[in-house]
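First chain A sits with chain B, and in the next complex the same chain sits with chain C.
On to the complex of A and B.
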């Protein structure tokens, strides 16, 4: 990868668990536990995994909505976590986020124009009629009209609300957009419209996306590369086509087998995961997937597998592959 | 949720409408007191003290021969002012305190909440009495005392709601945009707290009127000859056997006003609750 826009290494976010009057810390929820990935300019990276695996937390930490426990995130060579308040303000113009729930992500007391104008106001971009013109342009860009400017969010459908959220995120002309399950709260018919909008916008503005999702069909459609997360770690990354044709991690294989095939006669081997997800407060030693893995080896309980390149930029954190290829 | 929708909800609640009518009536009485009062509320006539209600003095004369109705009409001004000012003091300090406490959490929250606990540990009336005694006995200080005593109510209410709002996505979005913490509290948190605040304030005005009447009854609020409802109750109580109307009417007035405010507050709570929408 030549033009790396964002490079994340060893990102960790532990939430302390406290109890008692003095708030003594007795443990940590390891929401994100050593995540590393890189995104190239203009690329769409998908982050998939079941709920609670740390996808959203990863995005929020990189956006500095919550502070990281450890790790490094370089945006265009500058470490996001080392930025002071002034640099952080500038950073807000380079990275934005579109949230999952279009009903919670817009302030119900503000008009559409106010919502989209807020980033412009905060960063002192344009003013007066110029700003209004800019807002009008933004709304048109996302497929809304001038007539919507004075309305309140509750007057819109889920898809329209999501468009308002996208207009807000675009208003500061960001380079990198985090899409945190942006279509999973929408009707299927609306989903494709919003996904197409994302693709149009990417072509028009050369945007880079980090697309967080649990719907693999959508991810397959929009993403160039995919990172699979399990319990706070990336277990496999590969180009989309490669991952879908040659999934190597047992967890990825199980995820892919769960995608419904629109053909009732198609023979489909469904890999059902048995066992329990370990408590993220108290992870077992070794591989964190061992409790549910079909192919568990003795080594899996002893050492945590590292994410290593197995060729073609396909990275994997699994002992199985190394053992079988030796 | 627009105000038209709130009004539509409120209209369907008979009791709330009754409350609204009562409150509107007393506001009108307070505003137009000089026009409505048949007599000078301070004009005494010792010779005719304690006269029972008659055509000329609809609610009779008090222990100094003053017209009870006129005094009640002027008293509405004082009671409603007390209600409004104490709510402004209580909310003015309590809302920012609660918002800061809930938004920042951690140590800030701990310190503020323990201070609130200390205030709540004393019975409100007792704390108000102590404050008035320390500051000096007059109506202004009584209002300050009642305002201060109502701070915890607001601080707790606002903290609880802020805790919920803080993690809502539009607040996260505002942070991602780069809006400062103060900006988020002023532009996103407080506007979304308005509904519970309006309800609380309506009920709090009623409480404040009761407390002010109580303080005046104890001689710690309005001083003679100010026509304050609680003070009227206090000075008239000696004559309860010979001239019961002197205490009865101020008592009824307080009761009806407080009832009206409570009915309106309860109605507003239902009308402003989005879950009640049909």
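On to the complex of A and C.
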């Protein structure tokens, strides 16, 4: 891959489970358990998976909002996890995040101008009238107006709040933007406005996106490449068109077939997965998906499949493919 | 008509707030036949959930109240019924499943106790009998080892399981009408697929009519026979499911369908409906969609369009649709 912006290898984040008065650790929730991927400059990587698969935790660890358990993440060749506090501040100018819930991620007591100004203040970018001018530009960029500067978040609709969150993230001119379910809380007619805004901003500023979502139709629309996660691991990655036409992992196949299509005549063959996602505290040995897999082989219970390239940058962690291609 | 189950006429449910009266449901009329699934779609604040709560008699009063109209269920007007009579119908002949399976089950009672409650209350069953029926109900919705699960508390179950328990609870008294308010919105897609399959099988095995409230047009396409589209407290369009998706009449329906990204097609840019839903305290003059409508004409601002028949099984509230303008693609 040319021009890799972010390379993540073997990323792990375990949350300890404690009990008793002394808080003895008796186990770990393996939220992220060996995740590797790379993002090229200017591309949009989608991370999809169901709740609890570790997609949001992955983003938070890379941003160092929480500390990793193991692994490496290189941003433009520099190890994010080895940085000290000063370097970390510089890092935050290069990476920003837009959160899912526009109702919870904006301070209700701050005005819009203050919200957007906060990152500028923290990083000492511009001052006085220059800063105000900058804020005005940012708001216009995201489709809001000067008149909104003195208002508070509660005066805005969900879509407008999300625009404020985007303006805040853009204020420090980041290269990489994590979008954590940025349109899930929005109505369909508003969702498309925000999706279009993301595409415009990417073109204008050459941004790189990591788009985390569970809505596969939105992901398909906006992403160049997709990584599918299941229980803390990436099980498949491929270019978007490739993944949708030739999904190889049984989980990806089921996930794609489960999306309801807004066409009453669509003849859909649905793969219904039995049961629920296993508890991430005690995972089955071997492949994590084996408890729900239609094609389970004896080897699946014995060894965990590694993510390997099966051609054209299509990576897969499944024993099935190796067995059938041998 | 013999198989008419529910007729809603000019239903008005208003909420009084400190800033004024909020007409959440503002003159809604529709019907439901026995055993059919009707999708009620619209964006947040359009009044779809308040319509559901009105059917069940669960509108919080104060601040809300049904201020007009009638809800005829099997010929009986539910609006005029005293509270204790309504209670005999709720959970018995009409039941409801809610969006949030986490918050709509009582955390301090076991699943079994919550399942047995309607049976004991409505059917007067003794405990062992009610328990046997509750186990049966859990089995019906596909919960493994129901004899053990019945003694679990809600927190011991996953989201999908809880939604199954909710459905089992709603079905224990074999209702004629099931109101499902966003039953799969809080669930993951693979679990959603399981629950939709379950709802479809309920319809065929029990013949229960379902009013499915959702914002997900994919879910509607898959489960409903008829679709009602609401906007700003009013019905703007109603049609058989195929017609809604193939030839929507109302500009709002058209806009909605065009703005969703699709798994079965690729476009460079999504189309949008400009602007936002109007403030219910200050609805615009004339058609409520008019400020966002790409085709709004003088008449749309001057006069509110009535919901009128527009072909077999179809109704639309749009001045332009009547002239056959909105029908072309």
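Of note:
Assume the second predicted complex is superposed on the first by the 325 of 326 C-alpha atoms of A that agree within 3 Å, B and C clash if a C-alpha of one lies under 4 Å from a C-alpha of the other, contacts with A are read in each partner's own complex, and residues count from 1 in each chain.
Convention: a contact is a pair of C-beta atoms (placed from the backbone, for glycine too) under 8 Å apart; a residue touches a chain by one contact, two chains touch by 3 or more.
Values in this document were obtained by computation on a predicted structure and should not be read as measured data.
The superposition on chain A brings chain B alongside chain C with room for both. Of the two partner chains placed by the overlay, only chain B lies in contact with A:96; chain C stays clear of it. By the document's definition of touching, neither partner reaches A:35: not chain B, not chain C.
Of the two partner chains, chain C is the only one touched by A:254; chain B is not. Contacts of A:118 after superposition on the shared chain: chain B is touched, whereas chain C is not. By the touch criterion defined above, A:192 lies against chain C but remains apart from chain B after alignment on the C-alpha atoms of chain A. Judged by the touch definition given at the top, the superposed model places A:154 against chain B, while chain C stays out of reach. Of the two partner chains placed around the shared chain by superposition, chain B is the only one that A:109 touches, whereas chain C remains out of contact. Judged by the touch definition given at the top, the superposed model places A:61 against neither chain B nor chain C.
Contacts of A:218 after superposition: chain C is touched, whereas chain B is not reached.
For the overlaid pair of complexes, the smallest distance between C-alpha atoms of chain B and those of chain C rounds to 5 Å.
Chain A makes touch with chain B in their complex at residues 60, 63, 65, 88-89, 92-93, 95-97, 99-101, 104-109, 118-119, 122-123, 152, 154, 165, 168, 172.
Chain contact summary for the complex, chain B toward chain A: residues 1-2, 168-170, 172-179, 183, 187-188, 191-192, 194. Those residues of chain A whose C-beta lies close enough to touch chain C in the complex are 50-51, 157-160, 187-193, 195-196, 199, 214, 216-218, 220-222, 244, 254-266, 268, 270, 272-273, 275-277.
Partner chain A is touched in their complex by these residues of chain C: 43-44, 144, 158-161, 188-194, 196-197, 215-222, 241-242, 245, 255-257, 259-264, 266-267, 269-274, 276-277.
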